[in-house]
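As written, the chains take the letters A, B, C and D, and residue 1 is the first residue of each chain.
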Amino acid sequence: MHPSKQRKLATNIATSTETSITVRGKDLVNELIGHRTYTEMVYFLTTGRMPGATETKVLDACLVTLMEHGMTISAIVTRLIADNVPGESQVAMAAGLLPIGSVFVGTMEGCARILREGVERGGDAEAFAQAVVADHMTRKAALPGFGHRLHKPDDPRALRLLAIGEELDLKGDHIRVLRALGVALDAALGRHMTINATGAIAALLCEIGIPLEAMRAMAVVSRAGGLPGHIMEERRTGSGRRIWRMVDDAIPYEPPEDDGGA
Amino acid sequence: MHPSKQRKLATNIATSTETSITVRGKDLVNELIGHRTYTEMVYFLTTGRMPGATETKVLDACLVTLMEHGMTISAIVTRLIADNVPGESQVAMAAGLLPIGSVFVGTMEGCARILREGVERGGDAEAFAQAVVADHMTRKAALPGFGHRLHKPDDPRALRLLAIGEELDLKGDHIRVLRALGVALDAALGRHMTINATGAIAALLCEIGIPLEAMRAMAVVSRAGGLPGHIMEERRTGSGRRIWRMVDDAIPYEPPEDDGGA
Amino acid sequence: MHPSKQRKLATNIATSTETSITVRGKDLVNELIGHRTYTEMVYFLTTGRMPGATETKVLDACLVTLMEHGMTISAIVTRLIADNVPGESQVAMAAGLLPIGSVFVGTMEGCARILREGVERGGDAEAFAQAVVADHMTRKAALPGFGHRLHKPDDPRALRLLAIGEELDLKGDHIRVLRALGVALDAALGRHMTINATGAIAALLCEIGIPLEAMRAMAVVSRAGGLPGHIMEERRTGSGRRIWRMVDDAIPYEPPEDDGGA
Amino acid sequence: MHPSKQRKLATNIATSTETSITVRGKDLVNELIGHRTYTEMVYFLTTGRMPGATETKVLDACLVTLMEHGMTISAIVTRLIADNVPGESQVAMAAGLLPIGSVFVGTMEGCARILREGVERGGDAEAFAQAVVADHMTRKAALPGFGHRLHKPDDPRALRLLAIGEELDLKGDHIRVLRALGVALDAALGRHMTINATGAIAALLCEIGIPLEAMRAMAVVSRAGGLPGHIMEERRTGSGRRIWRMVDDAIPYEPPEDDGGA
């Protein structure tokens, strides 16, 4: 049954009166502003539960990890749009968030789905991991959460995040499955393949109870926080215009082989 | 001179090697992940300076204020798109950020511009405020940062934010101009008009050195953190489909007066 | 091999000199402007071939079919954004195109994929259709291109488009498979299920050689042509603001069942 | 008075029943599909009037002019997003439409506003043009609709469009003002500055009664028709990935001058 067939539509999120705003049952002005950090609020608004100190630290670590790593596709798109739609930064930022798609960041969800399945099944993580790896190798499919174009032998962000997970004494079920996958993958390949940042983030977000369906949204929140810096640098350097010229100059026109007919 | 005429294009933001990522001169893995909060990083990436405790508290308070207040246009758009483009949350979120435009949130920049001008001129804040108010009244223009459709007599978020500004012992120049504008506006109107949330945020962000050009981007970052909750509720309630039907049913078709010619 | 591993990147699309613009081997100024319609150009730019009169008529019919049918999600989103980002119509239009996703319009691609498979296999269209229908019924999957929430017993647009296909004496292979699917579906269900507009468009676009990968793009082009009318009506009626209030008023807040913890 | 204060919200655009769809008073199935071209429908939906043959020819010429000229910012953004969000072409296309902003294409509106003012004033077009040019030169503002980075001495698209305007025997008031502006500008500068494509389009769209408020939307419709070709070429060449690498490689990191504090 599509949820739209269900009972009267309502929202649990927020309401306002002349003198107050209530957000998920809490008074925005007296309980949240000045009392909670942005990161705590992201967790609260996403899950409906106010996080404890550990959950907040984990979410901060994950959000900080993906915020910025230079001339990403997001950054390039934001700069191109900022140059052409000045005075409306939200347009450049929104455009820069659109490429957070299935190809790169979306692997976080694929990885989290496997981790959750491993945890839900219980039993022997090693056997589960070997079966998952064998299945991906048979299908010649990349194992989501593993491998990185640049970072070798290990993605340093993944190592750091997993170390934070250990320091904070998380329950660790999802991390154990991730590590078992890594062992099984290395054995199957006969060489080391790094757990990457999206793999480690998938495990940590699972540990703190972020639903699978909200994982990509966390990546979007993270990346959103990096884009204002690109807009500021764009204003200073005029990079959007220059990137455009660079690309246009670098891609020569070749006439089509036929004359297009008619 | 357009900045694109300047020297070779470079970036101060980030770079990577096989084993490290550097963000604005700091080592992402060893100095930032697990050491800094998302909010600290937003400030750092936007301004190039790592914030102190006071700046972080102010930015957190401002970000928390705008994150959520229910069925905003952002939330409605996000829900409509999430229903139609499932599995790509970034699209729904990006669409929901597009309406953070000049009409509502953009007033923050207009207010900040006036505050900054008042501070830069120095001298008598009252005289400056009276002149600004008189000018707006002559032009029948709304004074940005003042008035609210719902919240009366005062926007409770603005009161709270200004109280936080006092607790934290900010320098307070921009807040003083904002308060002087409020006094001058009330006197000119002969009734009380509230400082609203965007007015208070404009003053606080000016106090902590967020550039005018980054203010709307701060609102975008804030709102981005609220949208995942709407996506989760959309999945549970099917609100997007139901909002569409509700709107379609509520707006009757009236034939055009002429027949469209030809 | 990812295409990016291939030979030097070039484009077959367009180039300019001080005095001319060349588009897919043709002189824009002397061969295209004033000589070709927009619809001919869409076909030419998408496929690389200039269409004949029949292909142009079919593409025009398909584009006209999807342009407009009132308060769609696209139209609502465009109006909401136009109200909030005045003076930047492209933002409202772009936002209104985002929901042309897999849920409704994307069924065109699913249908086209089946039609193409049926044509490529050759042989008995009836047997192919029965097998496809049986497979979808076993999987309890909707057959893409069939059924409509409102239009019963038949989607009048589909009937019209298929009639145009016959008048124009298309080869008709894909249309035959579509009709065979309809017969098989009705037989399997024991009642009539309409071919819908996206089903008929899928068949017609296949007939004229639009690649599967460009079908959704044709829907986007079509819908883009309807949105300026909504922007104009938005300016006249202020509908965006009113839709927002209507939705906000209609969705009551219900406090969450627990108190959100902490 | 904001239009939202007005009478009950209704739409003149479209409605449906089980067996018919009505668009601006016409039967979609029997009067429009197969009878009208996409371009006629764009005019009809935007203005509420069905165009005659001349208006259709002019609109086609204007739409064809802006559809394509190679590696524009629109094309680059579309390719970057298409690479990252495969299977959702509407996202890549929407993103590619966002940069149709005030910097380049928006000059069409600025030019049209001047032309309309000149026509409404009536009287001596030369005197009007000289005053406008003098005003722009005093303010050191570019005259919208004039000048082109590449095309010299004349933008060949503008010449062609104005020739079409003459062939079709338009009333010509707006074209006359545009030409007068050109004469006045050349005289004031002491050298020839071309009327550019957006200038000529502004004049022609004014001639056929496209409202100022819909002009940028016409550019969006035009450009939308060019983007499917870029998506198809992106699939074949993997250009998005390669553009990203090219830009990332070309922009070196320079550490910030201070250490970012704290």
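Throughout what follows, contacts are C-beta pairs under 8 Å (C-beta built on N, C-alpha and C of every residue); 3 or more make two chains touch, one makes a residue touch a chain.
Since the model is a prediction, treat every value here as computed from it, not as a measurement.
Peer 1: Sort the other chains by how far their Cα centres are from that of chain C and give me the top one.
Peer 2: Centre of mass proxy via C-alpha means gives B as farthest from chain C.
Peer 1: CA centre of chain A versus CA centre of chain B: separation in Å?
Peer 2: Chain centres of chain A and chain B, defined by C-alpha means, are spaced 23 Å apart.
Peer 1: Based only on mean CA positions, could you tell me how far chain A sits from chain D in angstrom?
Peer 2: Distance between chain centres: 36 Å.
Peer 1: Note the residues in chain A that touch 2 or more other chains, in rising order.
Peer 2: Touching at least two other chains: 9-15, 24, 48, 70-71, 85, 87-88, 91, 94-95, 98-102, 239, 243, 250-251, 253.
Peer 1: Looking at which chains touch which, would you call it a line, ring, star, complete or other?
Peer 2: Complete.
Peer 1: Quick one: which bits of chain D touch chain B in the complex? Just the residue numbers, please.
Peer 2: Interface residues on chain D, with respect to chain B: 8-15, 22, 24-26, 44, 48-52, 85, 88, 91, 250-256, 258-262.
Peer 1: Enumerate the contact residues on chain C facing chain B in the complex.
Peer 2: Result: residues 70-73, 76-77, 80-81, 83-88, 91, 94-95, 98-104, 239-240, 243-244, 246-248, 250-251, 253 of chain C touch chain B.
Peer 1: For chain B, which residues count as touching chain A in their complex?
Peer 2: Per the stated touch rule, the residues are 2-6, 9-21, 23-24, 28-30, 32-34, 36-39, 41-42, 45-48, 57, 60-61, 63-65, 67-71, 75, 87-91, 93-95, 97-102, 105, 150-152, 156-157, 159-161, 164, 211, 213-214, 216-222, 224-233, 235-239, 241-243, 245.
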